[in-house]
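Some structures to go through are shown next.
What follows is a pair of complexes built around subunit A, which joins subunit B in one and subunit C in the other.
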Partner chain A sequence: MQHILSNIIFLPLVAALLLGVFRTPLHWLRLGAVTASLIVLALVGVVIFYFDPSGGMQFLRVAPWIQNYGITYYVGVDAISLVILALIALLMPILYLYIWKEERKGYWYNMLMLQTGVTGAVLSLDLVLFYLFWETMLLPIFIMIGRYGNGLYQYNAMKIVLMTILGSMSMLFSILYLGYGYFEATGSWSFALNDLARLHLDAQTSIWLAAGFLLAFAIKIPLVGFHTWMAPAYGSSPTPTVVILSAIMAKLGVYGLWRFGYGLFENTLVSYAPTIVTLAIIGLLYYAIHAVMEPNLRRMFAYSSGSHLSLIALGIIVTNIYGWGGSLYFIATHALASAGIFLMIGLLFKRTRSVTIFDLGGIAAVAPRFAFFFAFFALSVAGLPGTGGFVGELLIIIGAFKADLWIGVLTATTMLSAMLYIFWMLQRTIFGQAGSCTETFEDLDGREMVMLLPLMLLLLITGIAPSLFIPLGEPQLTASLAEVMKAIGGLQ
Partner chain B sequence: MIHELLLILPMAIIVIGAFVLMLLSRSRVVDLNRLNLVAVFFLGISFLLELPQFGREAVLFSFPDIFGRMYILDNFATLFDLMFTAGAMMTLLINTDYFKSRKYYNGEYFALILFSVFGMMTLVHANELITAFIALEIASLSIYALVGYHKKNKISSEAMMKYLVLGSMTGAFFVLGTALIYGATGSTNLGDISTFIASHGREDLTLVIVGGTFIMVTIMFKIGAVPFHSWVVDVYHGAPYPVTMFMASTFKIAIFAIALRIYLIEFASISNIWTPMLQVLTIITLIGGSLIAISQSTVKRMLAGSSIVHSGYMLIAISSIGLGSEMAAPAIMFYLIAYFLSAVGAFGILSFIASQSRKQMTYEDFKGFAERRPYMALMMAVFMLSLSGFPSTIGFLGKFYIFTAAIESGQILLAGLGILTAFISVYYYFKLVAMMYFYPSNQEEKKLKINLSSGLIALMALLVIWGGIGTSLIPFVPGVDGFIDIAKQAIGSLYLK
Partner chain C sequence: MNILSFIVLIPLFSALLLGIVHLYDASKERYAFYAGIGILAPALSTILAFMVSWDLGHQAPDAILQSTLFEWISLGEFKIAVGFMADRLSVVMISFITLIGTLIHIYAAGYMKGDPGFGKFFSYFNLFMASMLLLILADNPIMMFVGWELVGLCSYLLIGFYYKDPLNVKAANKAFILNRVGDFGFIIALSILFVALEGSGYTFASIKANLTMIDTALLPLIGILLFVGAMGKSAQIPLYVWLPDAMAGPTPVSALIHAATMVTAGVYMVARFSFLYSEIAQVGEFIAVIGAASALFAAIIAMYQTDIKKILAYSTMSQLGYMFIAVGLGAYSSGIFHVFAHAFFKALLFMGAGAVIIALHHEQNIFKMGGLKNRMKLVTITMLIATLAISGIPPFAGFFSKDAILAAAFASEHYVIWGIGTVTALLTAYYMFRLFFVVFYAKGAGSDAVLQPLPKTMTWPLVLLAIGSATVGFLGANTAFGGDDWFAGFIALPDMKPHLSHSSEYLLATLNVLMALIGIGWAYKRFAVQAEPMKVTTPLQKLVVHKFYIDELYEAVIVKPILLLSRLSDRVIDRLVVDGVINFAVFGYRYAGIRFAQLQNGKVRYYALYIMIGVAAMSLFILMTLGEL
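After this line comes the complex of A and B, so read on.
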């Protein structure tokens, strides 16, 4: 039990190394990757089974790493990271199913390493360890966009790397400063989150250090103004990468805001709250308008994803139980829905070699199953009642109303605008007359159905019976919210 | 007597080796390959003899009754000796193919390498300014000759002239500085000078400060700090690949060694006088170096430009020492180790490729490299990541320690600037990775020739990664902590009396 998280993190990497060193042929590579991802899924299942909802941080593992500077290998899981951990473990086998026929070996190696990177970032509780995973998860993305992408992929790969590393570097500065601050205060080194959280900083320093972290997360989410890499990168990415970008990496930005923003700077975040709320609301509307106008489906859902992530960021920053509960719920359901829709777009691209709305239309007539799944995932992105997204969005909007009437009103527009671009898009791609591209459109085959069904079922279950899941996260959210409120004290 | 001879045996073997090679160089019986092995043999013996000396608790002087305290033997010097001999061995072994492919190589090449190693070793052992100067000139003169080794090539000769003229001129500053310090203190011995400085007030030290500044000019020139950098890119570019590799990885370290010794021992009590000057130098070195590196189109020139930036990072730590940071000196040592490993690897791959083609190796030439040579490309990517300070490589920890030391000494802005230039460096290092991986190749995949060169490069790549993530949990294998412990031990020996 003690090593279970380490196994979850490193199993894919070890698999990649072993398979790579022996230069295994493709079918072994494929088998190895899928086996690794299934074992990880099973292990995550074990973690969920033994997880105690009111137990706080669990499955802790601390091992010395760089003793001279008190840097440790420190991992653990709580309700928030468990949600993202489960998402990663679930999405990976699905993505392998998607790239089943892929013959370029690099794909498989990069996916394995990517899994280690993102899992490590979610689970690490030591800032240097977190930074290590946070940066290294970028490499497979960089290589995959740059090698297997489309459009101006080389340029866009460089762009996403440079912009995210700019954020990471500012975070590194803050981490170093915090570590040194701890050394100065206590005389010993530590970069562990719970040690640094106890550190008392004066307001001025704290503002600057928080800015370092926030820049990294704002670029990753991306909040409006830090988003210039988003649409090009999503547009140029191959499908597995775009799924990871939208379902996992963007969520890690929000997760970072939660874990490290509130963990280290709960007082300071209050003074940033108006800015973040403003950016998030502008983002909601700005991305939605972009999504309405965008003819390229990948870019359109990139903007849609940006809009929803702004919503999640807002839900976290309003700091009440509805906002937090909704955000956690929406992290999970949006990841499922966006993974689904990006997979559908990938399948569409495989068949028609186009993701432009103008080339499409009339798919429902030739491929009813495809049209059904496509419409389902598109609508669950929009937050159709009955799908999980609705619950999450609703909770966040309630939280926003509780915080302020006008924030609530502006936030509520997100549901409206999402309906607008989703329905219009559906009308033009699925229905209408079949064009030259879509006349010979093949319907979904068995493997593709198997790949999509789990996502669909989970979206339905989370939509219909949220009471199954909410109690899992609630105790911890209430507890940490109480802590944050106590720290903020009379400030609000 | 015998005991003392044993202590300086590693140096002596290098000199003997150099003479043997010089005598053999015109022989018809011994070809280049054998000469190479002979050179490696002498370096290897020296390395092995040096190895057990590390970790000695006391500081010794060789033949104090004859030489006074000119020639010091401590862990600091031993560690550098190990790096020099290792660097020279790497240079010779990785480039076995290179000198076979070039007609202009002959036997003196090996003798020159050994002479310069001898110079560098003497330089780090020098506890006295005149000795240091002579050692520096021994090392430099060999390097001048090596830079212009391709006599018929105009670029190579131009580089040699440029380096020779500028280098000799700045070398004169060292002598002048020594003279001024001697005039003030009556000694050129580092220990005596530092006691003199510690026992006198600021007003008596004007000559010492001016002299120290002159010595600093020489050092700054040799490490390529802006504004003394104009030679760097051209000389690195003009020199044959193995020589560039030797200069960037090994010779540069030697300069930092003497800089650290002078700065930490001789001027310890007044080192904060130079701090503002060093800070300005650091700022312009970081910015200027980044600008130079970012605008290059050949990889060799980019690495040359970026080596200026790396000097800049280490200058940050040097000014941190002046401001009383305890971590700064070990941080420099660690950074030197990290830079040594990464630079040997990166230049090693370049000359490995150069031995098989005559291309200039621009960024464009690297297009599709990952498909032609997947393993080489992977290793090159590792070295690029390490040089750019990407986590999970040793280069990251090097920067980590340097920036932490800068924050410790209160140089927040300098640490910020360092991080910013590290960010810029991501651009020009990742550009190479992008070129290697993002473009299809127009040639077939070449089979990897598993020989000594590629094996050593692979070893460097493994060390780079192990130095970044290595845990200390595995028994008998030093982890990341091992490297910094070695650095601390070496620096600690400087303070032993």
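After this line comes the complex of A and C, so read on.
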């Protein structure tokens, strides 16, 4: 059992290397990738089965790596990372099903590498290791957009990489400073999160170091003002990359805020809270309003994603059980919904070679099943009751009200923001008369239904019976919240 | 789990079944299957609803039945169950909703026959029934909110049912968005309520028990925000503009959702929170004022409308205004009684209108109908009963319910509201009989048009509803009219009961009837023989015909600025400001790069200079650290 997380992390990479070294033909490559993703899914299933909700960090594995500087290979999983881990494991097979007929081998190799990158980032408990994976996951994204993208893809690939690296660099600086600080204080090196968390920093240093991390996460989420890479990158990306960007990588930004923000700087984060809350509320509305007039569906849902990610960030920063529970729940359900909608947009693009709203319309008349799934995922993005998104949004709203009446009122505008663009978009894409682009629109086939059904069922189950999932996370959230509260209380 | 749950679950599962079968192969017809399952589900719910009502009717007035399906969520103190609760108020609601709902389902089986989306229609219709019943039977505000949102979704789907016309979809969007504006208020109220009561449970029963825990300053805020939700759902000023447009949906939809059931959810919600509203009389007065204003405003607009369904839509809004006057002034049982009676005659009016529309091959302009009284006898008679009922002519249902509301306004000394209500009663009689005379009496195109025959499923529900419209009023007749206030006694809400002597009661009733008769006479004189659209000459009339330009106002004040802001955020804020900063930084790097590149020019004398500067700087540094300087 102690190697299970390492297997989950490295299996896709090893598969990619083996398949690459032997220059396997396409159908073996495809089989290998799918097998790897299914084995990972099964292993994650085992982890979930043996997971102890009140056990904190578990399945730990520590091994020395660069001993001179105390850098270790240190992985483990708790309720928060388990949610993202499960999402990655679930989405990968679905994405392979989506690119089933893809003949460019690079697609498959990059996807395998991407899985290792994101999984590693979410399971790392050593800051240097985390940084390594954090950068690794960017590489496949860069290649995918830069080689298989559309529009101004090369410019946009550079843009996402440069902006993200700006954040990573500042984070790296903070990591190194923290490690050095630990050496100064104790005389030995360590970059393990739980060691560095014990380090006492003076307020001024702490604010600067936290800023280094926050910049990286703010760009990744992205909070408003750090977001101009988002729409171009989403717009130019091939579909699997968009799904990963929106469903997983953006979530890693808030995950980082949670794990490292609260883990290392809980006191300092309080001083940043008003800024983050402000940016999150502005983002919530600004992105939604921006999405209204956006004719490109991928870009529209990029803004939509930004709007909801701002909401999740807000839920985390209000620091109470409803906000935290809601954010964790929304991380999962928003990933499912946005994966669904981006896959639908991808299918739309495959059929019509267009993702521009003006070219579309009348799909409901020619392809009822497609229209049903499209509308379902769009409405789940808008947080319709009965889908999981509603639960997450509701909890975050309640959390915001618990923090402050006005923050609550502004947060509740999420009830309104998503509809601004969703309903007008539905009107112009699936309703109305079929045009030249959509007349011969083919309805969903069996493979596509198999790909979309799990997402839909999960969204319904998470919406109808949240009580199945909440107990898995609640004990740990309560415990960490108590810790954070104690630390903050000690300061006051 | 007991039969209470099945009232909601049966239509839900039937909706799922119909939906899956329809999606499996949308092109196949399957009329008998869709209609059979689609009607069976609400019919079963009706039987169960009456069983529950019977059961509860034989228990103490404050007895409740409960049924919990499973725990929905439990996080911290936020513990919500998917639970149902029936008290006297909710059984009244579910009995008429299921009964009238079933009749409208039967009617729809005739009305929608041959439509390619027949299966989809019944799936949506059953889903609506399930959501509406969830809204009514929920034992906690969160589940009520879920039902509340889902009825909105069904309404959206059904208004946009003929989605090929973009105007219909636009109307559907408008309905959903304005409803959500209301829901925004609703969810804020629920969140404040939860935070204020944290830890003491969150069912209606526990909120009622712990109401004193809430800061009294917060109560009016909660009351007003809850009412904002009701404004959206029940189409009151200023969130009403969606209701007339909602008539784009098929007529059975207008009958069921936009007349008899969903739009009354706001009134029900205020009555459900009556324990809260009876603490805050000033908010109640605000509700009554909004109700009165909506009642009058809608009645004025209805006088000049020419589309048969739009007239009925405005009349619905107007009648909803009456209901809010009642619940606002604390006469909860009168308000709910008007909900109950209104459901019968308004459903009948819509179904009769639908029959006329079908018979005349989808004509909706009343001035292109005319002269149908001898050719559609059954429809004429049933429509007459419904029109008399809504105009408040005794002994039809509307008389008793409307009279009770106006009497309550008078007795509680809200004379302005009472006056508005009375004037509105006159206008109601006028515009409703205008419709009736123009369509059925006056000479017009309908006299010699070829009528499409109506199926039996469309006619006999009219008869049943007509019987209801003629008789249900007696359930609420008070002692002055020989009744015993049975309805108010049964429903057992915390009514404010001002005293009114029998003589003043008679006086008020006479005045009301007189008003209605004046309205009828006026309409008769103007429209009974020769029907012509009214000439629009004065600016005031022009204002009314254009519905006071409220739609245009909203477009200019809300929609346009949002679109403008959206464009601005893309063109200016993102491209110039945010990206501008980034691009400026990039430019800075490049500029610095060029400058530094000039240093490396390959000329030896420059390099010698650099070395010299370097050596000089180092010497300076060493001297300084050694303290020689």
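Note that in this section the second predicted complex is superposed on the first by the 489 of 492 C-alpha atoms of A that agree within 3 Å, B and C clash if a C-alpha of one lies under 4 Å from a C-alpha of the other, contacts with A are read in each partner's own complex, and residues count from 1 in each chain.
Going forward, a residue touches a chain if its C-beta (ideal position, glycine included) is under 8 Å from a C-beta of that chain, and two chains touch if they have at least 3 such contacts.
Just so we're clear, the structure is a prediction, and the values are computed from it rather than from any experiment.
In the superposition on chain A, A:F173 contacts subunit B only, with no contact to subunit C.
In the superposed pair of complexes, A:F217 makes contact with neither subunit B nor subunit C. Note on subunit A: of its two partners subunit C and subunit B, the one contacting more of its residues is C. Applying the stated contact rule after C-alpha superposition, one finds that A:F370 touches neither subunit B nor subunit C.
By the touch criterion stated above, A:T136 is placed in contact with subunit B alone, subunit C being left untouched. Judged by the touch definition given at the top, the superposed model places A:R147 against subunit B, while subunit C stays out of reach. Using the contact criterion defined above for the overlaid structures, shared-chain residue A:Y182 touches neither subunit B nor subunit C, since it reaches no partner. Within the superposed three-chain model, A:W108 lies out of touch with both subunit B and subunit C [touch as defined at top]. Of the two partner chains placed around the shared chain by superposition, neither subunit B nor subunit C is touched by A:F265. In the superposition on the C-alpha atoms of chain A, no part of subunit A is touched by subunit B in one complex and by subunit C in the other. Within the complex formed with subunit B, the residues of subunit A that make contact are 63-69, 73, 128, 131-132, 135-136, 139, 142-143, 146-147, 153-154, 157-158, 161-162, 165-166, 169-170, 172-173, 176-177, 179-180, 183. Residues 385, 390-392, 396-397, 400-401, 403-404, 407-408, 412, 415-416, 419-420, 422-423, 426-427, 430-431, 433-434, 437-439, 469, 471-473, 479-481, 484-485, 488 of subunit B are the ones touching subunit A in the complex. Of all residues in subunit C, those touching subunit A in their complex are 23, 26, 70-76, 78, 142, 145-146, 149-150, 153, 156, 160, 163-166, 169-170, 173, 176-177, 180-181, 183-184, 187-188, 191-192, 194-195, 198, 562-563, 565-567, 569-570, 573-574, 578-579, 582.
Across the complex, subunit C is touched by residues 163, 225, 227-228, 231, 286, 289-294, 320-322, 325, 362, 364-365, 368-369, 372, 379, 384-386, 390-391, 394-395, 397-398, 401-402, 405, 408-409, 412-413, 415-416, 419-420, 423-424, 426-427, 430-433, 465-467, 470-471, 474, 478 of subunit A.
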